[in-house]
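Encoded as structure tokens, the structure appears first; notes follow it.
Read from first to last, the chains carry the letters A, B, C and D; within each, the first residue is number 1.
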Amino acid sequence: MLSFESDYTTGAHEQILRRLLETNLDPQPGYGSDSYCESARQKIRQACACPEADIFFLTGGTQTNALVISSLLQQHEGVLAAETGHISTHEAGAIEASGHKVLTLPHHSGKVDAADVEQFCTRFYQDETCSHMVPPGMVYISHPTEYGTLYSKAELEALSRVCKKFELPLFMDGARLGYGLAGMGADVTLPDIAALCDVFYIGGTKVGALCGEAVVFTRGNMPKHFLTLVKRRGALLAKGRLLGVQFDTLFTDGLYEQLGRHAIAMAKRLIEIFRSRGYRFYLESPTNQQFIILENTILERLREYVRFSFWEALDSSHTVVRFAVSWSTTSQDLDQLEAILDA
Amino acid sequence: MLSFESDYTTGAHEQILRRLLETNLDPQPGYGSDSYCESARQKIRQACACPEADIFFLTGGTQTNALVISSLLQQHEGVLAAETGHISTHEAGAIEASGHKVLTLPHHSGKVDAADVEQFCTRFYQDETCSHMVPPGMVYISHPTEYGTLYSKAELEALSRVCKKFELPLFMDGARLGYGLAGMGADVTLPDIAALCDVFYIGGTKVGALCGEAVVFTRGNMPKHFLTLVKRRGALLAKGRLLGVQFDTLFTDGLYEQLGRHAIAMAKRLIEIFRSRGYRFYLESPTNQQFIILENTILERLREYVRFSFWEALDSSHTVVRFAVSWSTTSQDLDQLEAILDA
Amino acid sequence: MLSFESDYTTGAHEQILRRLLETNLDPQPGYGSDSYCESARQKIRQACACPEADIFFLTGGTQTNALVISSLLQQHEGVLAAETGHISTHEAGAIEASGHKVLTLPHHSGKVDAADVEQFCTRFYQDETCSHMVPPGMVYISHPTEYGTLYSKAELEALSRVCKKFELPLFMDGARLGYGLAGMGADVTLPDIAALCDVFYIGGTKVGALCGEAVVFTRGNMPKHFLTLVKRRGALLAKGRLLGVQFDTLFTDGLYEQLGRHAIAMAKRLIEIFRSRGYRFYLESPTNQQFIILENTILERLREYVRFSFWEALDSSHTVVRFAVSWSTTSQDLDQLEAILDA
Amino acid sequence: MLSFESDYTTGAHEQILRRLLETNLDPQPGYGSDSYCESARQKIRQACACPEADIFFLTGGTQTNALVISSLLQQHEGVLAAETGHISTHEAGAIEASGHKVLTLPHHSGKVDAADVEQFCTRFYQDETCSHMVPPGMVYISHPTEYGTLYSKAELEALSRVCKKFELPLFMDGARLGYGLAGMGADVTLPDIAALCDVFYIGGTKVGALCGEAVVFTRGNMPKHFLTLVKRRGALLAKGRLLGVQFDTLFTDGLYEQLGRHAIAMAKRLIEIFRSRGYRFYLESPTNQQFIILENTILERLREYVRFSFWEALDSSHTVVRFAVSWSTTSQDLDQLEAILDA
């Protein structure tokens, strides 16, 4: 069945699998100390224009969020995030499981506003009872957000400023970063992110890899014993080469950017397909996730031919659904979608 | 350089990589609900002669140990393990990080003795102050152990009996299970393990896979919300297919057993190579890890040509080292080793 | 200086101190197994008309909330609470520190509405992605609330019904329960609470004791190993008699109720003092905490003569402050307050 | 019944109760910011000859151990302790509950030997796999130990030296410190302890108080947010005055030392009573806990007249039992004991 259900329905870009085959029997030390990881780290430092970056490869997004947040926070601190942030809603309480509160802020199409951070922190420290409360210890944002939206460079600079003012590390969840960098109207580059965030991760799982996220600590701020913390969580891959080979391939000859551009081209055509047929969008997303308002009768009919995600009920007769394209979406997929819509 | 450093220095068996390529663009739902995982679960149930088994695929051993133990224990309980058990020594405190004490027992060449479990439990409940102590809540064993040794069927039956008596789930860490099933003199089969253990895992990472462990709950005892617990720990792979395809391949046409047998054949030759040259062994290991006593001067010379692991200092002039063979060790590797020893 | 700062500024009711002296040298076993604890438990069972209740004495409110919640929740579950609930705001993340998320609901003058619980749970289980989310595992309410307000019997019955429907234990934080039972217009009795809640606690610290809260499990639902869980948290008092003697005294000859009635009489006069002088109240509180709106110039002047708590800024020239009376507030204190206001 | 069961069977020294009565209605701010706590802190600083000490009052020993250890360790570190240490055995896993492993060392009559710490640390950092292991992050000792034994000044200096060498804070559990300071042959003073330990606590619960332990951070090393950490654990007493008044009394006119001396005088007579009648001791304890070897038939007879603690079975016909005296033991109690033994 035709699938726009998510951006992780297929395997990996073919070059990755080919490279895994080529390197398969080369004996390498474990736990990320292999030469492929080292090469990938060098290429990512270069792509980020951040030669001093510490880079660690992990397997998935929730794991990465929980590890980064719990290793950078002091034990009594919480993490500020949009109420719609992935860590607030869809990580099964992984942050709380490591002992930390997610301090929620209102979202603006999925984004955190610098002014809201400022207000939260100002009020917090004015409160006489604040020693009985959970102090903010870092700021979590996702880019693209859970709604597919993007921070502008100006918005990111404002967040960075307020974070510096209150000495809060700024952490960007880049599970879909490839689609953000290539997003429609995007003005934020990898070097911008490395300059403005204290730590971020480059998502592989949703952008062409079988699995894998590359955490980038941009200021020599990787905790000294990070490997031990990763092991302690059960997140240290014995065959770190699996992650090294994948990221080395993604950051060779611009493959990561190319996969992002391809997905955004597919997203543009998807928007055009729906828009030209009079469908409404829940919000304007410049990236690979599109939120479309469907009449419930139409939704039921479409479901027989194509997979997509339920997002939320809009009213008694309309539903917001998500169509996701990805690095592996083809023109033929979109041709099929058109045919289904016109049937 | 020639490497006997560990059993995770190479990638995956070629059939696994080929199968990943073949299935690569087939769209599948995420998080382990794909058809490859389902097929792999069926094949494993069959191999275990345990049709009612619940099977969950995870990425690595420490992750698996921590998840199984923390989801089966009550919050105040501890886990009994040999003082040499992997969870006692080399998991960076992952069990304690989830709030549980590892209650250590003396080891017998790496193994836990049923009589020691019985004595521990009996004394525990006789102690007037036991409500101020950590009660045993399950028993952890590894098979093969960290010393490469194996439980006999009789030993496993004795453990199972004492566990039943004290209502303790028996959990087997099978990170190297393939090498245990094929071990020299082994009399324990997969169906035996499924019959005698409450939960165990079949190691993939060290036996031919890129990554992956298959947890088998043998008594309908997988916690109801296990998927949520896995997600909460950041251990849920979005592309569960990566694990499904690998285990489906390993359990097709007996590949898993075949890889085990190959490694044991290599181990026999390795033993013969060392023994015939007068080297002493620290203990008799029937599996793929061999512990050899080297004079320190010889150790230094060998190190220039071949990688192996330091185990422990035996005395001021001798060291115990570990040579590990695996599914990917070749006869040429052993020829080279002979040449080096004879040089 | 005159103090209406809180309801824990003085020591204990004199009868409690006298009884501590009388019983001081009587040797008793530790950890709550003394005869005073046993006697107190019997008297509380009787006062609650709940002969099967399990009762455990703890030292303070946050400790009690964290212990009750973490011992009744499954590890992946969260606790529903008003966004203004004490566990949501002023317990320094104690719930998250034990691994659980506080799932916040809108508050209605500090109270949780049964309809909000129903809606939350219904939507939760309708969500396709709910296995990646934190499921509600119990409902926390405070009575009186942090705003001094009270549940009516009808409201409590409605909450109890929806909790039963979704199999959620209903937990009442009674840090100020004495003031709630005697509250103006209160129609909820101790037996009502025991009948409608699965677990609640009777606050001692704020109602006449030096320290101490009596947790009442009303349905034979005290976790089997609760004492071990209390010890594990470092909350088990060696000299449990300190708590036993205090609660035994509070539940002898109706002292606990009497202290509540006294405080409410003082609260009525406090209200009258402010109201008759034209001061406005932020909300109508029927209990010992009163929330008064002060012009900032008046606030500054009053501060020189009397202690009270800042609550929140209302607008640029007005502030909400809290005046708390208690079991130890005297008519003379209120005479002095009148004099200060009229100076 | 005559009781030598423990040192917490009675209430508090009468002066403490009198002082609680005298100060009872004096309004004071909460959470340890009252004037009694401040006064007690000053007196303790003086008694320790440590003017820069940070002092925090807590309620009980396990709570104190867990808070101090979890607030000084980094999250991946463990605490070194004797295998017989209270945190290793009788705190229901409180240390593990906060995520940390207790790394056990052999005990020498309950004591940790500096040479064992040195060896552990040296071997740890020599191990190639140590990044997969739990590194030692502090050293825990108890003084008196669980066997009533005491460190000599020389032993404490040796421990302090090795701790400095490996940058490990040295933490002394002084639950029974009063009995240690006055112990037979003791050569360690409060100022010695303050000079040699990074943090220690002065036990109140077992030495004349209703409850309470005074934690002394000797090097300006109290964590900046310690109050918030205490609140987060539910260990912050609203009426901190209860602890302040008690310690202020204990450290006025040498009461704490006096209680210690009294108990040791009682211990000497207890030893004499048993020794002169030919009873054997399990070990030589210079403090208030005495470990006596009883024939089981005698044990059964004594049990009818006097309470004491079972310690361990020595052989099939003998048992080690503990008799504890305390600040409240009287000469009459010992007269009665003699009568019972001679009956």
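One rule holds in what follows: contacts are C-beta pairs under 8 Å (C-beta built on N, C-alpha and C of every residue); 3 or more make two chains touch, one makes a residue touch a chain.
Fair warning: this is a prediction, and the values are worked out from it, not measured in the lab.
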Next item on the list: Could you work out which chain's C-alpha centre is the most distant one from the centre of chain C?
Entry: B
Check: Hey, how far is the Cα centre of chain A from the one of chain B, in Å?
Finding: 33
Note to self: Could you work out how far the Cα centre of chain A sits from that of chain D, in whole Å?
What the structure shows: 51
Checklist line | Residues of chain C whose C-beta touches two or more other chains | finding: 75-76, 91-93, 97, 99, 131-132, 228-229, 231-232
Next item on the list: Determine the shape of the graph in which chains are vertices and touching pairs are edges (line, ring, star, complete, other).
Entry: complete
Checklist line | Parts of chain C lying in touch with chain A, wherever the complex brings them together | finding: 75-76, 78, 89-93, 96-97, 99-102, 128-129, 131-134, 309-310
Next item on the list: Could you please specify the touching residues of chain C with respect to chain D in the complex?
Entry: 1, 3, 5-6, 8-12, 14, 17, 20-21, 23-30, 59-67, 91-94, 97, 205-206, 210-211, 228-229, 231-239, 241-242, 307, 328
Check: Across the complex, what residues on chain B touch chain C?
Finding: 70-71, 74-76, 99, 131-132, 135, 225, 227-229, 231-232
